[in-house]
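This is the structure I want to talk about, given as structure tokens.
Lettered A, B, C and D in written order, each chain numbered from 1.
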Amino acid sequence: MNKIKYGMVGGGQGAFIGGVHRIAARMDNHFELVAGAFSSTAEKSKDSAEELGVSPDRAYGDFTEMAKAEAARENGIEAVAIVTPNNMHFPVAKAFLEAGIHVICDKPMTTSIEDARELVKLVETSGRLFVLTHNYSGYPLIRHAKAMVSNGDLGKIQVIQAEYPQDWLTDAIEGTGQKQAAWRTDPAQSGIGGCVGDIGTHAFHLAGYVSGLKAEKVAADLTSFVSGRDLDDNVHVMLRYEDGAKGMIWASQVAPGNENGLKLRIYGTKGGLSWEQENPNRLVHTPFGKPPCILTRGGPGLGPEAERMSRVPPGHPEGYLEGFANIYSEAAAAIVAFRNGQTPDKAVHFPTVNDGVEGVAFIVACVQSSEADSAWTEIER
Amino acid sequence: MNKIKYGMVGGGQGAFIGGVHRIAARMDNHFELVAGAFSSTAEKSKDSAEELGVSPDRAYGDFTEMAKAEAARENGIEAVAIVTPNNMHFPVAKAFLEAGIHVICDKPMTTSIEDARELVKLVETSGRLFVLTHNYSGYPLIRHAKAMVSNGDLGKIQVIQAEYPQDWLTDAIEGTGQKQAAWRTDPAQSGIGGCVGDIGTHAFHLAGYVSGLKAEKVAADLTSFVSGRDLDDNVHVMLRYEDGAKGMIWASQVAPGNENGLKLRIYGTKGGLSWEQENPNRLVHTPFGKPPCILTRGGPGLGPEAERMSRVPPGHPEGYLEGFANIYSEAAAAIVAFRNGQTPDKAVHFPTVNDGVEGVAFIVACVQSSEADSAWTEIER
Amino acid sequence: MNKIKYGMVGGGQGAFIGGVHRIAARMDNHFELVAGAFSSTAEKSKDSAEELGVSPDRAYGDFTEMAKAEAARENGIEAVAIVTPNNMHFPVAKAFLEAGIHVICDKPMTTSIEDARELVKLVETSGRLFVLTHNYSGYPLIRHAKAMVSNGDLGKIQVIQAEYPQDWLTDAIEGTGQKQAAWRTDPAQSGIGGCVGDIGTHAFHLAGYVSGLKAEKVAADLTSFVSGRDLDDNVHVMLRYEDGAKGMIWASQVAPGNENGLKLRIYGTKGGLSWEQENPNRLVHTPFGKPPCILTRGGPGLGPEAERMSRVPPGHPEGYLEGFANIYSEAAAAIVAFRNGQTPDKAVHFPTVNDGVEGVAFIVACVQSSEADSAWTEIER
Amino acid sequence: MNKIKYGMVGGGQGAFIGGVHRIAARMDNHFELVAGAFSSTAEKSKDSAEELGVSPDRAYGDFTEMAKAEAARENGIEAVAIVTPNNMHFPVAKAFLEAGIHVICDKPMTTSIEDARELVKLVETSGRLFVLTHNYSGYPLIRHAKAMVSNGDLGKIQVIQAEYPQDWLTDAIEGTGQKQAAWRTDPAQSGIGGCVGDIGTHAFHLAGYVSGLKAEKVAADLTSFVSGRDLDDNVHVMLRYEDGAKGMIWASQVAPGNENGLKLRIYGTKGGLSWEQENPNRLVHTPFGKPPCILTRGGPGLGPEAERMSRVPPGHPEGYLEGFANIYSEAAAAIVAFRNGQTPDKAVHFPTVNDGVEGVAFIVACVQSSEADSAWTEIER
């Protein structure tokens, strides 16, 4: 196939997630980076462009200009990756969708539920693709876990325990000029959720993705442990899912010794599953009344859902970048299908604008519940 | 020293925890079983007595009779171990305390908070010892964890995550004649708490024991997943501790693949600790900003609190029975000191009647909160 | 049953393994310690006796005197536990067997192969029981592993990897008065094998016990890394078993970070097994072409061989002392059968004098091979 | 920088390692694939070229032709990746070195020690770079382990335990048309070593890489367990290193349940290190007499050697492809330096032709030793 030309908004010098997106896009050779508004000034953007091998005439200081210019070019970009702080996701996505360009966007999708709902409409009216990089859903064993639940291997799901502890905000490093910490703890850039938005949404998404269940209500207790911090840095949530399942989410950025400890456990009437992001090539299946089994990427017992997401044989670990690249490769398949006026293969799927609304609704419900002394609060999509 | 003669109420044929108490009492050679009301009839009690090497004239069919008869003997028992279903703890403890006999009692201590409070008074007026077998506090690395928190190694404690999942009640085995399941799911014998009383209290006690913090409020969501079950079998609780610390407890008896997955994680401003009951000889210490350390029973870096609770060199695992025996050995030290009119060594400690009140108050608060749609509810001791 | 009265030779103050034997003997209430030659002088022996609740008139300063006196008493001991340094095992065992008293003896059984072979004859002519405390064979999951191999679950066994690393002799602590180190590094007390005798024999025994295969030859490379140490402290061995299976043993006392890292892995044409002593309640079964399964003590999939060796439900860890106690309980069953002129139940088994000969032959072959530049050397029983 | 244009020999349809090299080359955006002799016929090679986005006029059916043609082009390739079966490594490398093109070659480097030594000369006379893809040395924590040993953190190294078990050749799948199995078990394509060459060399290289020690002698016992297999499938080796260190290597392709279980443990007078390829983002450091520490990629306590080899923050696992890409990125740095007539930065290093000779000499010594009944045999470079 012809590689997909794509652009990027954000991801200039000092950024973190932009570099991840670029490796992910490159991994399977489906994408080529050709344009960008990498920084907020044209000059800085050109500096980044040079480093990244992007032609200077396609390095923009302004995303609106970029959307227009690229839409107008004959060989303009087919897709844009949005890797800015949260508050910029909506206006940028809007500009590119309106310009007829597919969007690959970081999460949480927007900083307000209204914006999130408007994006749903914009995607619909534009007819363009919207890919939300809830990257953890790209891990092969997460795909297998979802397939197992869907096949009924666990029986009726009753209990869902998700957690995502980190420790990097244990001290108030936002005051030291650490750029990643600064915007994530700033309501103007992050929105109303701190930890709940940054990583709580990942845990929430993964729980829903694998279980296939819709969460109806939350009772949340959000805390800012670090003095002077405006947004939450520790999140305790109880959840009630449809059909009577119950859940818990713990997310924290002040839990020393935890790096990216995303963990999911799901229990049904017939068995359980346990998966940890830091050792993502294994999934423990615990059929009730039988010995636990260890499923490995590429190993015995896996199905096509995981196989599609793998590159190398079992025992050679694939990690975070490969999982992220899986989302990009799924996006590529859909974009190519779009290009050809076709429907993508049924097996192709990725988080969409609807997952984005879910995530923002979860943040809003948690913040409201916490402010209402942890009263059960509906997640209103 | 002269071995302590003790008796037992409960623990006849088909019982589980009675046998554990007997091994624990025997392990370090401090106790000798000489009397018992092992079952509810004199005949069955005598059968058990014979198996256990207890003289038939000291096998009783009735605990009241036993308390009186043993108190009247010159060589009567110094202590009684109460290993009955929960509803019998209070009357039996009362009878023996009033007879001047020390009590070693299983948990939860009583089935009502009123009984629990009355026991506090009875202990005080009797002047006798009351030992509650929250046995997990007897593990050497739990002692070390408590010492570390107390020494300030973790800084100010902020987050406490405790869990205790099991799977043995995933199906409705209480209907099949399984004796352990039958009484634990019967409100008449267990009280108002099912899973929350049976294992939730263990998680709650351990969290408080190690952190040294008092829990003030809970917001709980208790569920009976198994159809027809009267008591909860899954417990979700958020906690607020004194000084602003927050916590979560998950306890479940319907989580397939979990045997006795008691786990405690505590995080402060300077570091964290993580411990798992199923691999109890190690404790992971995560000082903030430094590599995690693995502390092992008997290994480098441990202090006298853990050392006192160990028998064999590092790398030779000590387990559940040894931890339980540690509680008995501490009880023995206190009983011998009492015998000699002395105060036990400062290092000697074990869960007491006050921990018992705590546990019952926790159960009551969780049930009340859950009935009030998870409203924050004070733990009233 | 009437408890078995037993005596002990060795195990006085400052000893380690004597205390382990006493707890193991007491755990299941089958034994009562009533006599001992705990130390090499009558006075010290009486001091130990007092601490241990043994009557002073049965505290001996000499094992020959003890054997005679106890054999002459009406209520004399039925069995003796030998917990001395290696060089004393043979003369003590001889004395008690000749006095008609059952022997429970620590390993390695003797310091020469000639003595070992003579003990076989002595056991035969005396008609008494000889129990060798290769305690690791008492772990429930080792029993299950043996049963699986025996049932053909692994197919034909091809590869056996055993290891037992420790670190406590990394420095020359034998020079500091550390009693355990002093005798273990002294050829006069330990015999010709250092590490190979002390822990190499455990790994060797376990490999043979579980696989059911006889080792025919070794090629060994023994090293004394610590300057001035007379005996080996690191052991590299390649093995050839009957029927073409091959193996390796690594044992070391100079491998920092290892406490008692005994580990066994066995591979056949149909599957593999992996077990670690420091986490002994789990056994990983890897059927070829299927996902690995985790078998747990008391958990799903276990058979009667493991069940007999368990006391508490799954998830409550049993450890080193329980495994050791299992050997004692098996010994008790055999002694009681002997007492009654019966054959013990078929399920009862424990390491015997024949295992002792095996172990000594292994030590001899390793030392000879190492001296012959690692030439393949037969294990001559 | 301008991307490095490179070609590939081997790696057509049905191949495995070619695809890995391509991802590794692409990961960090330093290389661009522009030519190839992907298969042994021009037609098949063109098919692969089309799939890979390589221009058909640069798809060759013959490596000699390719070397000549590319050397003659103005924009010809700067480097070639050799990803054929072992027997083709030497002639292909020779052809490209003689054409003045840098070589990136798979291992083992050649099928005879004579060829290996000749390659050393060819590299020298050609003045070109030779990169051997002992990819496991590209893992960040392996770099850190090497740095720790080199800094003396472990004291004097005494014991090295390396292993690399797999299970994929447990059955005779070479007879079923499985292409990977077929050439690896065929002496004509693999050379004299089977398992020892394919994965034993990886374990051997890693042990030497991290320890910095030269192995002097081996005593080896190679076995072909699968009936009819010409080459070894299980490898037992004892090693003697310079300065008195001793080692063991176990490699197997018939150990059910093992995928790519490469593991390295190194012990010195001051401490030990343990690392496992299947969980490569952690390294356990066991300083003697102190608690073990867990070092993680990107986490506290790491130095610049590991930092250079990392892309994402700690807790987001990097795996096999990233480690492989690190070798490619180091190669890129050296190629760019060469291009500019400069010496690469001191920190840049990768396995070279000398490591290749080492590996081939190891294979030869193991086979000779095994044929001489495991006699100690010198590794003759």
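Assume a residue touches a chain if its C-beta (ideal position, glycine included) is under 8 Å from a C-beta of that chain, and two chains touch if they have at least 3 such contacts.
Note that the coordinates shown come from a computational prediction; the quantities given were computed from them, not determined experimentally.
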item: Chain of greatest Cα-centre distance to chain B; value: D
item: Which of A-C and B-C has more C-beta contact pairs; value: B-C
item: Separation of mean Cα positions, chain B and chain A [Å, integer]; value: 43
item: Separation of chain B from chain C, taking each centre as the mean of its C-alpha atoms, in whole Å; value: 35
item: Between chain C and chain A, distance of the C-alpha-averaged centres to the nearest whole Å; value: 55
item: Residues within chain D bordering two or more other chains; value: 258, 289, 292, 296, 299
item: Complex contact set, residues of chain A against chain C; value: 285, 289-296, 299-301
item: Residues on chain B engaged by chain C in the complex (per definition of touch); value: 3, 16, 19-20, 22-23, 26-29, 53, 166, 168, 258-261, 277-281, 296, 298-299, 311-322
item: Contact set on chain B toward chain A in their complex; value: 158-159, 161, 163, 167, 170-171, 219, 221, 223, 225, 234, 236, 238, 240, 244, 246-248, 250, 252, 254-258, 265, 267-272, 274, 284, 286-289, 292, 373-376
